[in-house]
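Paired with chain B in one complex and with chain C in the other, chain A is shared by the two complexes that follow.
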Partner chain A sequence: MPIEVVIFIEHIINGLTLGAFYALITLGLSLIFGVARLVNFAHGDIFMVGGYTLFLLLNLSGITLPYPLIVVLVVVVTALVGLLIERVVIHPILNRSWRVQAVATLGISIVLQNLALILFTSDPKQTPTIYSRQIIEIMDIRISVQRLIILVAVIFIFLALQWFVKHTQTGKAMRAVSQNREMCQIVGIDVPRIAMITFAISSGLAGLAAALMSPLFSVMPTMGSLLTLKALAAVILGGLGQVNGAFFAAFLLGLVEALFSGYVSYAYRDVVSFGLFVLILFVRPQGLFGRRVGL
Partner chain B sequence: MKRGVQIVLWLLVAGFLVILPQLATTNYLVNVMITTVMWIIFALSFDLSAGHVGAVSLGHPVFYGVGAYVTALVAPSLGLDFIGSLLLSAFAMGLLALVSGIAFFRISEVSFAIGTLGALIIAQLLANNAYDITGGPMCTQNVPRPVLHIPGSGPVTVVEPVHYYYLLLPLLGLAILIYWRLTQSRIGRAFAAVRQDEVRASAMGIYPKRYKLLAFIAGAAIIGALGSFQAQYITVVCPSELTISYTLNLLIIVFVGGAGSMRGVILGAVLFSLLPRLLEIVTDVPPAWQQLIYGLILLIVIRFLPEGLDSLIERALQRLRGTRTEAKPDAA
Partner chain C sequence: MATDNVILELRNVDAGYGEIEVLRNVSLRVEHGQIVTVIGANGAGKTTLLRTIFGLVKPSRGQILYEGADITGLPTLELLKRGIAFIPGGRSNFPQMTVQENLEMGAYIRKDKRQVMKDIDRLCERFEILRMKRHTPVGNLSGGQQQMVEFAIALMLKPKVLLIDEPTIGLAPLLVDEVFRVIEEINASGTTIVLVEQNARRALEASDYGFVLELGSIRYQGNAEQLKQSEEVYRAYLGER
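For the complex of A and B:
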């Protein structure tokens, strides 16, 4: 194959993995927005907690845990952290305006980031796994196995989530709450409990993203800040509360970012993703796939 | 409070602020005072839209940083002096707020908050990467210091922090005046109507977008002027003037102090600026611990004092007067 084509395909694959990664982060954010109308600025920091959990589990003295088990443990830990945050901070202010809640999540973000800074310092930590160094080659195209794992995992999670919200009692309740909170209270759905479960699932997804993706990057206290914003951009682009729309918008952002940094300018790649986000907002205020919502 | 008492109180505060630097023995203390006053102005300008019309512009520092860059990059070539630069930055940022506001207020509140934050990130990335214009991380250096023309003697270049402090005070007065005039008037009541229920406000003949724009532009102009001051004070403008941590600090100040209340916001800004200085005297607190404590304070205040520290003052004052009034219907 000509080298240009190989490079192009590699950029596309990078874009898809980046998109898959953003999609995983975005799914959680979008769920929590849909169900609890909560803009969670701490979402990326829960991802960061997942990153450090991964780092600690990979460096346990004496025992080497298998990677799949580590992934599960990271998801469990982040889900528990999410649960704790929901109980202590979000739950008591569930009925206040979205502004207050958003500021509270920013407060959580400040606390988590500085806690990480105190515990682990600002030095980037490497979290390589056996898969992040393995490269497979198909027709001159080289892909790291870690990237393939992410792509497959995200598609699997997306389908599983679809099944979950359509076929389980809790999933149906989540959909109902996102459509009409007052009505749900009237028919006896425990809305705070649903919000709590959603928060735990959302945090677990952030943990999964951390367990799968941080082997390709490195772990630092601020690793989640820009990520939260990109994922929020995807949530808005997808149409607020539209989980599927947000999922595709995340892939779009990943592709645009990978292609732009590959072909035009690496330094300006974030300018383009955020610029695109703001521009689309002006043209289509309800997002790419959204209907108008009141908030 | 009777009007007369109020005026006397304000005059006392103003007199106190004027005399204050005479008590300061070191430039360090004067610098602390300047930072405090700057945070008050910063927070007031932010609260105009965040606390009063409910439009939380998380990108508010854009107007500060770009205002500073306007003074550093444009004003010298126009040959503008201190006040001219201040006015140029204020005007430019007001204009930017008008144009961006027309676009940004088309979108929902949530999108507005995140969209403006996106704009802040874009602004910082541009400032960091456009070496040719801004100098990138090397910053724009050698911004001219203010030159005063005092009758009788020649032009005097301002260098001493004390003199900067006296240049800053009128800006504080102006910011307070604008904030006061906008919020304690018919306009202020329209602001509250827009914040509480846009649809109902428009049904009563209040056009929400007009009032949102007014608050947004006024805040931007004030903070643009402050950015200009900062540029001429530090004489260097860096991309770090567009950092998101300014946004976080503003939220801490405004929501801990009390959103939508001038007293609360000023209290928040003073505490925010002075607490770390006071802590320094007792013990050496690393920045991460400081931020951690701020974050925790923010969470605790949000949880237990929905209207900020201001509600404590309000309660104390009411007890003094022996009256009780209904709590405000909404906490911003």
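For the complex of A and C:
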């Protein structure tokens, strides 16, 4: 194959991986927004907590845990952290104005980042796994196994989540809460309980993203801040409250970033993704998959 | 009214939202098995009355009794379990969920899930529209069809008392008759109904008893026939004779 084509395909695969990673973060943010009508500015920082959990589990003295078990443990830890945050901070402000909620979740974000700074310093931590250096080569195209794992895992998670909200009592209740909160009270759906479960699920998804993705980067206290904003951009692009729309918008964002940083400039990739965000909103204020509300 | 047959009673209830008091000293009794209508002008407090009975608005004074027990201040969930259900005015369903799923949500607090599925089958046999649109998102249905779904959601809990707020608002006259036919049918199967309705004349025709709410207080009450005959009620709420 000509080298140009190989490079192009590699960029596409990188874009899909990046998109899959954004999609995982975005799914959680979008779920919380749909169910609790709340933008969780600490969502990326829960991802960061997942990153450090991974770092600690990989560096346990004496024992080497198998990677799949580590992934599960990271998901469990972040889900529990999400649960704790929901109980302590989110629960009391569920019905307050968006200003109160924004300040509260930003507060969580600041606390988590500074805790990480105290505990782990600002030095980037490496979290390599056996898969991050393994490369497979198909027709000159080189892909790291870690990236393939991410792609497969995200597609699986997306399908599992679809099944969950369509076929389980709790999943249906989550949809019900996102569609008509007042009516939930009338049929006896416990809205705060559903919000709590949603928080745990979406934090667990952030943890999964950390366990799968940080082996390709490094772990730092501030690794989540920009990610929250990018996921928020994908949520808005997808059309607020449209979980599937947000999922595909995240892939779009990943592809655009990978192609731009591959062919033009790595340094300007964030400018491009946020520029694209502004541009799309200019043309379609309701987002790519959203419906116009009102007149 | 005979006391022993009273299923729901309000005693000197004041209620409102924060500083704004909507209901003032409301006392009323609803007998078992009746259809009772509350009529009144916009802003008289009709909806607040239903919401107070259903525990969504907490009374600041007075007592609410249901089946002889004091239920004042009990949470809505507890009232649902005891057999009180509420159909709010306006669109009160889950628009992007199918008819089937809406009915399942109506039975959310029930534990006997297998029986729930049987009850849904039965409701679908009873109401043709539910059967035809069973797997359609409710938001895609017409206003009248959505109203039927909302009745069915409330029926999933087999309530003893059903509170209904403005069920015919915005519906075509033909559908209004259909809605009242369903209300009478639900009543005939043993459910006591407290109805708030802007179409006062039509509502009184279907009712056993009526209350006229004016500025948050009960102004008149009586048998539906008596109310229809009363000159004052007629002029104020039923239009010229």
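By our rule, the second predicted complex is superposed on the first by the 291 of 295 C-alpha atoms of A that agree within 3 Å, B and C clash if a C-alpha of one lies under 4 Å from a C-alpha of the other, contacts with A are read in each partner's own complex, and residues count from 1 in each chain.
Rule of thumb we're sticking to: a residue touches a chain if its C-beta (ideal position, glycine included) is under 8 Å from a C-beta of that chain, and two chains touch if they have at least 3 such contacts.
Bear in mind the structure is a predicted one, so any value in this text is a computation, not a measurement.
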Compare chain B and chain C by how many residues of chain A each one touches, and report the one with more. B
If you stack the two complexes on chain A, which partner ends up touching A:P124: first (chain B), second (chain C), both, or neither? neither
Tell me the contact category for A:M183 with respect to chain B and chain C: first, second, both or neither. second
Touch test for A:R175: chain B only (first), chain C only (second), both, or neither? second
Mind working out whether A:A104 is in touch with chain B, chain C, both or neither, as first, second, both or neither? first
For chain B, which residues count as touching chain A in their complex? 50, 54, 56, 103, 106-111, 113-115, 117-119, 121-122, 125-126, 129, 244, 248, 251-252, 255, 286, 288-289, 291-292, 294-296, 298-299, 302-303, 306, 330-332
Residue ranges of chain C touching chain A (in the complex, touch as defined): 54, 56, 76-77, 80-81, 86, 88, 92-97, 101, 104-106, 108-109, 113, 153
Could you pull out which chain A residues touch chain C in their complex? 169, 172-173, 175-176, 179-180, 182-190
Touching chain B in the complex, chain A uses residues 39, 89, 92-93, 96-100, 102-104, 106-111, 113-115, 117-118, 225-226, 229, 232-233, 236, 240, 267-268, 270-271, 274-275, 277-278, 281-282, 285, 293-295
